[in-house]
Structures are given as C-alpha cells and as structure tokens.
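As written, the chains take the letters A, B, C and D, and residue 1 is the first residue of each chain.
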Amino acid sequence: MILLLKPNADSRQVDSVKAWLRGQGVEPREVIGSEATIIGLIGDTSRIDVELLQSLDVIESVKRIQEPYKSANRKFHPDDTIVTIGEVKVGGGGFTIIAGPCSVESEAQVTDIAWRVKSGGADMLRGGAFKPRTSPYAFQGLRETGIDYLLHAKAETGLPVVTEIMDINHLDLYEHVDVIQVGARNMQNFELLKELGATRKPILLKRGLANTVDELLMSAEYVLAGGNAQVILCERGIRTFETQTRNTLDLSAVPVLREKTHLPVIVDPSHAVGVARWVPALSMAAAAVGADGLIVEVHNDPPHALCDGAQSLTPEVFCALADRLRQMHALGAAPTAHPRRREGALRALATLN
Amino acid sequence: MILLLKPNADSRQVDSVKAWLRGQGVEPREVIGSEATIIGLIGDTSRIDVELLQSLDVIESVKRIQEPYKSANRKFHPDDTIVTIGEVKVGGGGFTIIAGPCSVESEAQVTDIAWRVKSGGADMLRGGAFKPRTSPYAFQGLRETGIDYLLHAKAETGLPVVTEIMDINHLDLYEHVDVIQVGARNMQNFELLKELGATRKPILLKRGLANTVDELLMSAEYVLAGGNAQVILCERGIRTFETQTRNTLDLSAVPVLREKTHLPVIVDPSHAVGVARWVPALSMAAAAVGADGLIVEVHNDPPHALCDGAQSLTPEVFCALADRLRQMHALGAAPTAHPRRREGALRALATLN
Amino acid sequence: MILLLKPNADSRQVDSVKAWLRGQGVEPREVIGSEATIIGLIGDTSRIDVELLQSLDVIESVKRIQEPYKSANRKFHPDDTIVTIGEVKVGGGGFTIIAGPCSVESEAQVTDIAWRVKSGGADMLRGGAFKPRTSPYAFQGLRETGIDYLLHAKAETGLPVVTEIMDINHLDLYEHVDVIQVGARNMQNFELLKELGATRKPILLKRGLANTVDELLMSAEYVLAGGNAQVILCERGIRTFETQTRNTLDLSAVPVLREKTHLPVIVDPSHAVGVARWVPALSMAAAAVGADGLIVEVHNDPPHALCDGAQSLTPEVFCALADRLRQMHALGAAPTAHPRRREGALRALATLN
Amino acid sequence: MILLLKPNADSRQVDSVKAWLRGQGVEPREVIGSEATIIGLIGDTSRIDVELLQSLDVIESVKRIQEPYKSANRKFHPDDTIVTIGEVKVGGGGFTIIAGPCSVESEAQVTDIAWRVKSGGADMLRGGAFKPRTSPYAFQGLRETGIDYLLHAKAETGLPVVTEIMDINHLDLYEHVDVIQVGARNMQNFELLKELGATRKPILLKRGLANTVDELLMSAEYVLAGGNAQVILCERGIRTFETQTRNTLDLSAVPVLREKTHLPVIVDPSHAVGVARWVPALSMAAAAVGADGLIVEVHNDPPHALCDGAQSLTPEVFCALADRLRQMHALGAAPTAHPRRREGALRALATLN
C-alpha cells in the first residue's frame, strides 16, 4: 500500500499515523521527493482500512498494491480450488452443468425435470424453494415443502441439489441440500455470509446486480475467513441502461476472476438475459470464455404449465445444448487459447504486496 | 393492466389464460383490432405476476397501468404520511434533520456529538453500531455495546436515535431504538423486511445502490403489507460510471417519490458523495428539491480522532448549515415552487387502475 | 402503436390528435373500455414521433408495437445482409477477422503487421489514422499520412483496409479505403451518418458507450435511409460501474441484434476490455455467441515499440487464436445451438406492426 | 505523476522509458523501496499519454497527481471565469437563466416565447434549429430557417440567443448567434471542438450521457487549447438504470466542477428528467447546489400547440419560478453554505503536480 501525503502535511500528524500503522502490524517506509512525500507499507495490509486512511487530513490519496482479499487470492493460492459434491467436481478444468426449474412447483414437476436434465448430461439439479420476489404479493416459493420436493428428486435421480437460502434461521432445512446458494440480492448480506462461513456446506455465491468483481471476492472472503473453503462464484448479469435484456451478462468477469482467484467461476445466463431464446448463445459464450460451469433454467412441458418461465429452456433444447457446451469448453480451455494463464501462475509467485 | 396478444395466439390457450385471470380476481376484457388483440384487466391487479404473464406463449407484452404497490401508493392514500417519533415528525411539510457519527466509537464520542448536533438544531441522532463492511477484516462496529452508547446519548440529550439493523436475530437489541434503519445493501432482503413489517417500529428504508424508485416502493410495500405503516424512504446515491463521487445522488427521485407515494422521503448526501466538503452543497439541494429531511454524518474533533470520516462534517460546519437548510426548504416548499402538487392530489382521485 | 388516453381526456383534444394522426398517414382506431380508452394506430408508424405524442395532455402513455427502424429491421428483410469487400464477405454464416494496430505509426510498422496478421488468417487490416483522443495533448494519429501508410500495406498484402473517419470534410481521403469506421463517440453524430448514407462505401458502425441496441439500429437506419445498404454493426463494450475492464463487453447484444436486424454484427474485444491478456478469451466468446466476425488489435514486437498497446495482442498470440476462433464459430453456428433462429425467421413473416 | 514499476522490471527497458520521458520534457526520479520501485515525474505532465505508459511491460500502474487538463484547471486559474454576452454574465456569483422552446417552430412562436420569458426574468433565449434526433424519420428542426427566426426574436426582444451546432460546415449560419451549444452527443466530437476552439464565440458545452466530469473538462480543454476561453459547462443528466426520469441529473457534478475548474457551470433539468412537472423542483435544487445558471425549456400555449414538449414549462410556471430561483441561489451561495470553497482556493496555490 502506498500513501501519498498532502504537500503541507503536519509532521506530528504524520508521525501519529505512522505509529498507528505500526500498531496494525505494518511497517511504514517514508520516501521524500521534491514534489511529494510517499509512505510505502510493508507487511500484510489486508486488514488496513483504506477509507479510514483516506479520510485523514494529512493524506492525499491511498493506493492499494496488495488486494484486500487474501484467502480468495490466487497470488497466495496458485492452484485452482475444486469444490467436490459427491462425484461432481466444480473447478479444475471441467465444465459442470447445473440445471432445473426456476421454482419448485410440485414433487412430480421437479422430479420429472431432474430425470430429463440428467439424461441431457446435467451434473446437478437446481430449483427455487425460497424465492426472493420484488413484490410481497408475488409467489414466494413453496419454502420448506419445496426443499422436501427437491430432496425427493435428489433421492430418485441421484443428482446433488442447489437451492437458495434467504434467512440464516432456515439453515436447518438445508441439512441435506448439497450446495447452498446466496442470491444476488444477498451478496452483501454480511451477517448471512459470516454464518455460512461457519458451516461446511459448499456455497454458490452470486454476484450482485451492482457489485464489482472485487466486491464479489470480498464477499467470498467473508465465507472463507470463517473457515469454509468451498465457494463457487457465479456471474449472473449486472444492471445497466440496456433494456432489451433483463441485465447485462458480464462475461469479461470470467477471465478477470480466473486470474485473481483460485475459486471456480460459473455463469447463469438465464437470469442475466431473461429471455429463453437467447440463453443457448450465451451459454456457449460462457463455455468458450473459460467458465467452470453453467447454471441454467429448464422447465417441462410449457403448454400445460402456467409458470413456464420466459427465461427457461425446454428439456429438448437443453439436451441438444449440453453436449455442445462441453465441446465448446474443451476448445476454449486448450493452452494457446489463454496464452497468459501460465504467466499468471508465475506472477503469483512474485512477492509484491 | 393491458395484455397484448401475439398475432397468431392459440385461442384455447387464450381462454385458459382468461380463466386463470378470473381465478385471480380480475376480469379480462378482450378487444380485437385489425392489427392486434388486447386484453384489458379490470379489478385489483396488484397481485398479478407480470413476469409470469410475460412468459406465456400467447402474450406479446404486458403493460401495467396500475402500479404494483398499493399501500405505498399516493393514488389510494392522497394525504402525506407523517411518521411521529416522540415530538419529532417526519413528513407533512417540515424538514427533519438527523445527524451523528458514521460509527459509534465510545460513549463519550457519541454523547458529545449528540449534544453538539442538538445545539445546531438536529432532530434526531444517528450512529452506526452494526456496520456493513465490504471487507471481513474491517471494523464491524461496536455492535451491542454501540447500541448501549447510543441509548446513553439519547438518555442524556433527549434526542431520538436511528441505527441500522443487519440481522433480524438482533431485533431485541432495538427495543429502545426509535427508528430502525435498513441499509442500502439490505433493501431487498425480503425476509428481513417481512419481519420488520410485523414490528411497530418506524423504519428508515434506504434505496439500494442499483435499485429503481419502483423497487424501493415495492420494498416499502413489504413492510406496509405486514401492518407497519411507519416507513421513511431515503435516497442515498446510486451506482454509475462516475468516479469523482462515491455514488451519484439521484435528487430527481425526490419529486418522483413525492408524486407516487405518501411516505416521507429524506436524503443522505454523506454516503452518496463520500467527500465532506461537497456535503453542504448537496444538503441544500436536498432541502430545495422538496425532501422531508436529511440524514447527515457529523464527527467531532477530527485532529484527535483517527476515524474522522472523509464524508463527515465537523459540528461547526453542521451548525452553520442546519439553520440555512430550513430556510432553503421553506423557500422550496412554497406553493408556486411545485405548481403541480395540487394537481397530483387531484389526480390521486382518478379511478384509473 | 397503442396510445393509452388519460381518464378524463378532453374529447376535442382527442379529436384533434386523431386528425393529426390521419395527416401522418396512419389510421387511429379508438377502443373505449370501462377503465381506459385506447387508440390503436394502423399503418406505417415508423415516422410517428413518440415523444411528441407522449407530451400531449390527453395521452397517458404510448407503446410501440412496430420498431421505429424499417430498413434495418429483419421483420421486413428476413435474409441476412452480406457486406462484400472484394473477396471478403461479412455476414451470411462466416466469421470475418479484422486485425491490425491501434494506431498507424509508420509504413514499415503497419505493413509488417499486415503481413503477419494475413499469415494468421486475417481477412482485413485495421489501423487508426485519425484517432479520437480524450485529451487534446495526446497523439491524434498520423492523419492523412496514416491513411497513405495503410493503403501502402493494402497494396503490398492485398488486405482490404478499415479505418475511422472523424469529420465528413475528410471524406476524399477515404476514396481507396475499403470500409469506413464510425467510432463509438460518433455513433450519434447524425450529420455525419447522413453524409455517409449518401456514399456507397461499406460502413462499420460502432455502438456508443452508453447507447442501447435500439439506438444503434436507429443510427444504422440513418445510413440505410440515405441509400447505403452496406452497414456492419460492432459491439465494443458499454460503460458500467465495473472498473477492472475498461468497458463491459455486452455479448448479449449479439443474439439480440441477430434477431432484430439482418445486418452483420461483429465484436471488438480489444477496446472493450482494454487488457491484452483477456482478449483471447473474449474473442472466443464472441465466436461462440454467434457474431459474424471480430475486430482485434495486434501490434508487432512490443519490446522495441513504445506504444505497444495494453490492449493489443502479439502477432504470435493472434495467429494461434485465429484458427481456433473459426472452429469455435463453426461449433456455435450449428443448427441446434441457436434453436429459435428458424422461428425468428418465421416470425419475421408476421404482419404485426 | 507516479509510475509503479513491476517487481522484476527489465532495467534496460526502464532506462529506455526514462529516456523517453526526458524527451517529453519531464524529469523522472526513481525511488527504490524494498517492495516496489517508483518513478516520480517532475514537470508538466499534462502532455504525457497515460494509456501509453500503462501499456508498457515494465509498468505495473500509473497514478496521476496533476490533472490532465491545464487551461480548464482551477489550480492554475484560481479566479472564476466570467463569460460575457452583451450585458449578460455567466459565472462570477450570479445566476443566469436561459429559457426558450425545445424547437423553433415559427417566427411567431419563438418571438412570443422570447417576450414571455423575458418578462419572467430570463437572461437569454434558447431554441433548437438543428435538432439531433435518434430517428432519421423524426423532425430534424427548421435548420437555417430556425436560426433566422431565433435572430428575429433576438432583434425584437434584445435577448441574446443560444442554439446548437451539429456540423462545423454550418458555422457561417451562427455569425449572429451569441452562444453556440455543443450537444451531449457531440461532447466528444473532437474535430468539432477543435474548430470551435478556433472561433471566438462563447461555447455552451453539454456533458455527454455517459461521460465523466473529467472527460467533460478534457473536452472543454480542446476548446480552450484552441485559444477560445469562453466556455460554459452544462450538466444535463447521465444515463443510468433508472427509468422514471429520462436521465439522472447529477447535481453532485456542480460542486465537483466548481472545485476543479474556473469555468461557469449551468444545469439543464428539462432534458435530464424529461417531465415538465418535475422541472421546477430540480431547477431549485440546481440553484441551491451552487450552479451559475439554468437552461430550461418553456413553450407557449400548450392546448393549441401539438409539440408542447413533455419536458417544457408553461410561461406562467416559468415566471413564478424564475424569481424564486434567484433567492434560492443567493441563499445557497452565502459563505457558510460552502465552507470549504476558500480552502479550495488556498489549495490551488499548492505546487503539487
């Protein structure tokens, strides 16, 4: 971390800042130039509060060199984290496909879809039991019953299940759930993240609609700091001025995240675009860009289902797509395609902080 | 609500949609034109799930005429809601000033600031006890102890207190807190909103960084739907590409909200701009634009405080500002300044839904 | 187009609006419901000014059914437009690669890069002669001389050339340029677009940093309306709050545009992300998502070049990438991957306007 | 400017960078720390190309201390610029009001509005002759004739006139126009800015919909660098995800700009919000926040005008508003309201670059 001092900084105040920094376990090194004085900090700066420093009268600006996340940082953990759920692996070179309905509607519905997506090659089943809805008058999900139905589908098909948590008080209901999802709207529900850090469940952490890549990593850090190393990151679209799609899928986040963190990164094109007929194209782009997997909505039998989901694929489209996605991923993951990845690993050995 | 059907919509499917709509308590009226067929819905459409309708094969698009919020809607409640906290009123024509430190640091600090802002004319004291922080390594607030200190300052000065809740499990700690704040990051923590709807505490609901005015009103509706009518809305900046200010304060939201809802609307310029020296100008703009009040950060004695807050005013600046703010508000609130407000009230009597 | 009237709309004013609409060549059909009165417009509404209608006292809101672009609209031109430049085709199923330096620096530099990208399989050469720069003190390009150098490289290698125009007064210099680029900052320079519509040069039209897909199509319409049918659209990143990448590449725009327009759509990942090591991954995503081509920055010999371009690939990386891109595109373009494209074509036959 | 070198930067490359920097007229001072090596640049860095430096292999990051604009920078020109148009002054402590119709429609219309806004206290007349329209089929303005009508209204009423230029080839038409407006869509039409820098006409430069405050200042710098010192900046709303208002008026930009530049700053609330009934509230906020003036749309006699402009005030509302705006501005401009302005001026004397 580099602190640029103000031109006429009071020297007693500067001394007081340096003393405080030493108390935080970092060593300040002052460099006096003709134009400006700089203090470089040596040591672990991840616990230094940048906003606090920036607010001091003697400081013009603060520049981080070391990222503020440590457990999630590839620099300190060069090898890919592989999250293992039974026989399913997320991360480490494969392409994991999670599919299922937006909402769990009935035992028959979710079990039927589970069989169909399994036949198409899905690795895990997704389905919403607790549903975050903008309106208090909209369907809020089947809640406990929805989780029971999901677990029934798991028992029948053997597919591990992923479902969202909205309140830490519901945690007991997730005992047999394989992966707990934290939705975009809860990405910065820090109390929830802390509690999930205390569990040993794999966590699927979705990026918030207005959150940066760095903030996503800081939220992952909350879970990791609690001792839970099983975190899967998910890009699901950010909010922009464009209105044709519900959100703007930020696929650039995938190579950025793969460089910055060892955690696996998957993509949710269904929620991002919100229109089923554009989902296959974006799923393929997700595979090509180097994501570790996909989470996609699939519903059954739309003509008879009222809630058929504008953003959901039919099982037929999903099955035709899944195989192609893995080919696409294999082509994208070959060495020359990402020519700097090795260099990224080498850079991870550098000691700059 | 108006449904535009697709050109070749299957008539049996259309019949099935109409039957479902009647089951939802609204009457569909079909209008067949040469270019398109339209179904107009008569009755209370606030519980109709627009996304579900949009996802149906037979429907081209859906247009709401009636807003999806009912309890928060000025159309159905033309008179301003006044939230009353002891002798303090928020809404109804005055300009309420809430001031205090970003974080509660000690009993002496918060009590001292409380006396100072009271002398400057503040109506309520704010102070963070539970602090939402992007980094798990940053100071998370004094938590329970912070609330004790705030309540001590309240007992000393008589100022009602506002402080943020981050987890419904902490609710018992807020028994003597006057106004419970829901932070921007929890604006769509729907489970929390539901629980707060079951209390009878005034709620200060901050707009999320990437949330629309309509979504803010839907989140208020969660609290109102639970039977808690005491909701104060707060504009605190949205996320844009501009980097000079931390966020972009959206003051247009004030007249928009005043037209759409009867709930009081206050402005938080401190978090929005993040730089103390720009806060007075934006505070005055908030008073001029017709807000019902302001929530602003004030700290004491910056040279000796390490956490003096880049975004906090000194007590001296605050005191010089507060009086002027009320003059500004009075000038802005005079009748010709908002010439259509009366018309807005008249329009509220219209029966269009 | 559907006009929703206000509840108490003055009937004489409504009559006057209807008369005006007939004068514009469309037939208004009034539909009186119990809740609201609607006027449906029959005929070609592309010339109707929506903002003007929305501003009228009697009108609550206006909803377009027919898009405001006609020449660019796939509904009226179901077949893909293929822009032909000598032996190179853009659109119609292939994947066209345009590569070259950000700025033309010397005859030797651009010719050397031209040979190298040609050997890697590039179809066209790009290079900036007139450079739009945020600062008046930054290098503004070699201007006329830069175009001469580009044309020299074209003469040597046979590669057609693409370069940006910044002022219609420079048009004469572009006589032997094959494709004229309109940059993101000029996407809504309507006077320039009109003049280019009067030429018969292929135009590469880049999406503005804050422009919607519909606005991009309206700008294309300016060129098409002038009689120039040779327009290539280019997605190059939009401005969001994310700061890791220079802009956010909106790959969703590709399937959206392919559905809405018959014009070819290419992607510029170099300007979007601004960091060379992330360009290959996003290039592959562009191929997978169904784009018709790529425009990418390639520089030579970075150790000896001062302006080696943070966003430029080396020729070696480019050559390794180009072949793979075409495989990726072939895999993405296969029929089941975009299962609704055929349906899109069928829909194009529908008469709804 | 501070350059942070990469940990293992090749020393010959570093030497080559230092030689190049000296050639650019700045002196590099190297500071070798244990963690990182820094090069501080002494001298005028406004002509140094930051992107070029950032692209170099040996450089980790570049931090500007000195802003890249010099002529527009308050640091080098502490006193407010006052743009003088006849007897009207913009900047320097007053509040200048510019009013008039969105489009010039007829000689009678613009002259009538001119008389009415003059009676309400407007200082200048605005009116669009060349209109930038998203659609090529929408009304493009009366063009030459529109300017003639404006000049007629000027001759009648004595009000100076402001109107937009869209193409430098039209410059001759603006001989008697008092202030030439550059619209938001042309803010980065750098060739146009250069040409206007060569004139001696006052320029009203509007901020682009997706442009930062710094970019606005760089565009002003283009005009100033050409020798034209008469530039008025205008905030007119930026593009965000919010849809209730057409754009989001960024009033924070006013205090930011007042600190960074000596140029006057006015606000256009009409285009920003796009809804007339919200314009008065935002006009007052603009006056309170410390803007130097307002540009606002006023139309006459809406019942008989078809193009009455959703965003335009009636003359009656304008007249009631104008007087109040000046009171508001006087209250906002008083010294304690902007307590740090003096400090800003002092800071301008600091030598840090």
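Just so we're on the same page, contacts are C-beta pairs under 8 Å (C-beta built on N, C-alpha and C of every residue); 3 or more make two chains touch, one makes a residue touch a chain.
None of the values given here were measured: they were computed from a predicted structure.
**Q** Give the label of the chain whose average Cα location is farthest from that of chain A.
**A** Between chain A and the rest, the longest centre separation is with D.
**Q** Higher C-beta contact count, A-B or A-D?
**A** Of the two interfaces, A-B and A-D, more C-beta pairs touch across A-B.
**Q** Using mean CA coordinates as chain centres, what's the gap between chain A and chain C in Å?
**A** Between these chains, centre-to-centre, one finds 31 Å.
**Q** In whole angstrom, what separates the CA-based centres of chain A and chain D?
**A** 39
**Q** Let me have the rounded angstrom distance from the C-alpha centre of chain A over to the C-alpha centre of chain B, please.
**A** The answer is 28 Å.
**Q** At least two other chains touched by the same residue of chain D: list those residues.
**A** Residues 210, 238-241, 243.
**Q** Sort out for me which residues of chain B touch chain C in the complex.
**A** 2, 4, 6-8, 29, 31, 33-36, 38, 40, 42, 60-61, 63, 65, 239-241, 243, 350-353
**Q** Using the touch definition from the top, list the residues of chain B that touch chain D in their complex.
**A** 210, 212-214, 238, 240-245, 248-256, 259, 272-273, 276-278, 280-282, 284-290, 317, 320-321, 324, 327-328, 331-332, 334, 336-340, 343-344
**Q** Can you check the complex and tell me which residues of chain C touch chain D?
**A** By the definition above, chain C touches chain D via 13, 20, 46-47, 49, 51-52, 54-57, 68-69, 132-140, 166-169, 185-186, 188-194, 208-210, 215, 218, 221-222, 225, 238-239, 302-303, 306-312.
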